[in-house]
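Shared chain: subunit A. Partners: subunit B in the first complex, subunit C in the second.
Showing the complex of A and B:
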């Protein structure tokens, strides 16, 4: 007996923005869950178990928020699991929820993830003093900027590639009413002329700080068969690796390559650029698009930036990446991975609204976290898998 | 709040939407045997790595085990306080708790003979002249302590640049 098939039948997202001062954390999370249940045409009673993910508790300073949130997310009297894998947590949360159905432990599972950055100190939480070390690495950007520089030098990519990615994602976000940033009138020049925060990363090539939540209802095969336009999970995988190790490739991490190979094998994908119609990939700094194009096998090593330059990843390109605007346009950190997974599902359900890619049948959702050391991915499709 | 009827005495007050609750954390930190060996070396202006007997790589800072092979490291290797910049960034952002003057350059420096690098500042050169592959040496505090901050910064040696494998095993 193989694994139970899993379908996505309900998706909810808040309007992401800098400060959701109108709601508490519980109110924010509940907003996404209510929308997902309505989409699934279910009530709280239909859910068997709840899986919640968010980034470090240190951010908002609310320890074990899953306990405080149990009522708001309808988990009272049901199994409630907390997942934590740094920035990739939203993706891991969906995969843990899916595994509970694949293993036939539960039939209908709610996955939910959030971050309320307006009430948090992420920069401080990510710049914790390391005992016996000088405090030099300034937040996530300070950590990733040297990796970006190494990529630029290794690949010989021209300087403007990162600007093109930022311009693309922020322009895509104008078609997504849920996106945090809606920069009408953004131009190549406005991105280029924005301040260098962590040289070579500019302000406009950096993700915003957002409040937001995302919720996804997953069901077994019978639930998917009964649903109106389900997204079928064709494969899911997670991988991890050490932050520091001799010979570790920080630009093109092995865990990411192996995670992609695993999920493609499950989904029967042999050429991702040809076989996948659209991808929602965790790109918090613009240069991570060419870097992940290579890591995920959409381009040969050193050639990811050429796909960006020729427009292959644009809305009208042959392999659109982040039509939602991506992490560069909305970053409620803990939710960002689940938003990628949910946006991939919206695309194959044909429900992405103005940022829908016509004819999308197979989509990739991707998340990474920590020092590029946690990876989570799924491939979803419009058609039920035969195997 | 629509639909909620407040008592008379609360009706004209400014609603409280959020409050600030600062958090403070203090730790007692046990460095462990491998880090203690390393830090005692730093206090004597010595950079001590440890070699894995399986892959032969020099782990820096040592953690007592090879992160790739998962075996204990037994061989201590004294490394020169001279090495190569493998990558860096120019930091223009203030973050809470930092007294650093902006901008500053945070670099990964791989000492000669090591297979891993240390994070450190690069000074005594304009930041726009710093390059991947540049040769640098440590500038030590006059009274070094068991703390990596005892390497105040790295400065150029003037030797010719060398080829590096950017972003691998920094």
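Showing the complex of A and C:
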């Protein structure tokens, strides 16, 4: 007996912004969950189990906040799992929730992820002085800038590629009412002239710091059959590799390639650029779009930037990436991965509103974390899988 | 459901203060031990899942560095919970149930010694209404103990007997931290430290780690002569707000026990994650354990309580005793959160 088929039947997101001072952490998370339940036409009682994901607890200053959130997310009397796999956690949250259904342990599972960055200071939380460990004083951008520089050197990509990605994602975000950044009047020049934070990463090529939550209701096959416009999970996988290992390639990580290969095999995808209609990929710094285009097999190694330059990943390109505006436009860290997974599902459900890609039938959701070492991906489709 | 067994278990010698080793170094020998015992390396493990908490390590993303202890190269299929590692075992069990994995490595570790643990744990509380008051974990347990005494479900004498019995049992456990005890009557002459709790009612502060390997069906039988089968496993959570909870009961444990099938057969041994003496009474009632059930022959968390590993150790200890023929059907329990808020129940059986 194979795995139970899994469908996404409910999606909720908060309006992401720098400070959601109008709600507590519980209020923020609940806002997304209530929207997802309404979308699924379910009540709290319909949910069998809850999986909650978020990035480090220091980001809000609450240890294991799922304990405090038990009531707000309707978990009392139910199984509640707390997942944490660094930046990929939002994706892992959906995959662990799906596995509870695939294993036929539960029929309806709520996956919820959040970050309320305004409660604390992420940069500071990443910079605690630990004996014998070099502190990451520069935050994530300082960590990833050398990887971007290495990519530019290897691929010979011209300097403006990162600017093009930022311009595209921030322009897409104007069509997404949930997005944090709505930069009306953004131009190539305004991105280019923004302050250089971590050479070669400019301010406007960097993800914002957001408060936000995302919730997804997953069901078994019967639940998917009964739903209006379900998104079917065609494949899902996670991979991890160490921070340091001889031969490890931080620019084009093996864990990412192997994770993608696993998901594509499950979903029957042989040529991702042809077989996938739209992708929501974790791009927190603009240059990660060309880097992940290669890592995920949408382009040959060294050629990812050419897809960006020719507009292939734009809304009207042949393989749109991040029509929602992506992580570059909204980054409630722990939720960012789940938002990618949810946006992929919204596309194949035909419910992405103004940023809908016409005719999207197969979509990729992707998240990564740590030092480009944790990966979580799923492929969802409008049609129920036959195998 | 696929048959899944515990096929290996290892733990550190738990200590009040492990200053010589960092988390990776503390964990490494335990991971090596379970793999060597089975004669396998990381390439033969289909899924790896761990538990840890940044609030003990004092740094964000602390589990990222400990992944280096596993040998995650080439890349592995891996996940992590910010919970007691018993929940990592649950996630691994689910993964095996999907059919995507036949073997799983589970580990958890915690060094509680660097900070003031009772204050650190107060950061688990409602961040707006409760945490700013810094009620510490011992004070909250005392509140629960008082409720239990007032409700008449235990007495300070019984609590002292639980403490003495646990730490005397730990005399035969080389991994335990507190071993041996005065008579209960002598213990009761000591002053209360957080009324009605005395020092003996409280767990030690421990640094330690543990690892378990799970395997499915025939793979388990290949790996060991004595697989210990997980016959049922479930976990539930209660409300967080202490004011809405009946602290003398544990409905989440009772529900998990029902779902795990505790009452479907005779139980002869239980390893309960009850850090405070009165909590053993609450848990025995919730699990419906009779007086004939041997509870915490390892000494339990009153003898060694390395946070995050302590719940996983209950499963490992119960499995090890079944494997040694000391029990036929056992219940293992793990908890998370203040005053037993979240609970996991696992029913284990030997092969015959």
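Just so it is clear, the second predicted complex is superposed on the first by the 379 of 387 C-alpha atoms of A that agree within 3 Å, B and C clash if a C-alpha of one lies under 4 Å from a C-alpha of the other, contacts with A are read in each partner's own complex, and residues count from 1 in each chain.
Criterion: contacts are C-beta pairs under 8 Å (C-beta built on N, C-alpha and C of every residue); 3 or more make two chains touch, one makes a residue touch a chain.
Computed from a predicted model, the values in this text were never measured in an experiment.
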Discussion item. Looking at A:382, would you say it contacts subunit B, subunit C, both, or neither? Reply first, second, both or neither.
Written reply: neither
Worksheet item: If you stack the two complexes on chain A, which partner ends up touching A:21: first (subunit B), second (subunit C), both, or neither?
Response: first
Worksheet item: A:250 contacts which: subunit B (first), subunit C (second), both, neither?
Response: first
Discussion item. Quick check for you: in the superposed arrangement, does A:47 touch first (subunit B), second (subunit C), both or neither?
Written reply: neither
Practice prompt. Would you sort A:60 into first (subunit B), second (subunit C), both or neither based on which partner it touches?
Written response: second
Practice prompt. Could you say whether A:145 touches subunit B, subunit C, both of them, or neither, answering first, second, both or neither?
Written response: first
Discussion item. Per the contact definition in the header, classify A:121: touching subunit B only (first), subunit C only (second), both, or neither.
Written reply: first
Discussion item. For A:79 in the superposed arrangement: first (subunit B), second (subunit C), both or neither?
Written reply: second
Worksheet item: After lining up the shared chain so the two structures overlap, which partner does A:276 touch, if you call subunit B first and subunit C second: first, second, both or neither?
Response: neither
Worksheet item: In this superposed model, does subunit C or subunit B come into contact with more residues of subunit A?
Response: C
Practice prompt. State which residues of subunit A lie in both footprints, the one left by subunit B and the one left by subunit C.
Written response: 61, 119, 132-133, 242, 244-245, 248
Practice prompt. Please name which positions on subunit A make contact with subunit B in the complex.
Written response: 21, 61, 119, 121, 123-124, 127, 129, 131-139, 141-142, 145-151, 153-154, 195-201, 242, 244-252
Discussion item. If we count contacts the way the header does, which residues on subunit A are in touch with subunit C in the complex?
Written reply: 2-3, 24-25, 55-65, 67-71, 75-86, 92, 96, 99-100, 102-105, 119, 125-126, 128, 130, 132-133, 237-245, 248, 253-255, 258-259, 370-371, 373-374
Discussion item. Help me check something: in the complex, which residues belonging to subunit B touch subunit A?
Written reply: 17-18, 21, 23, 27, 29, 31, 35, 39, 52, 55, 57-59, 66-68, 86-98, 100, 103-104, 106-108, 115-116, 119-121, 132, 146-149, 166-170
Worksheet item: So in the complex, which bits of subunit C are touching subunit A?
Response: 22, 48, 53-55, 58-61, 63-65, 67-68, 70-83, 87, 90-91, 94-95, 97-100, 120-121, 123-128, 131, 234-241, 251-252, 255, 336-338, 341-342
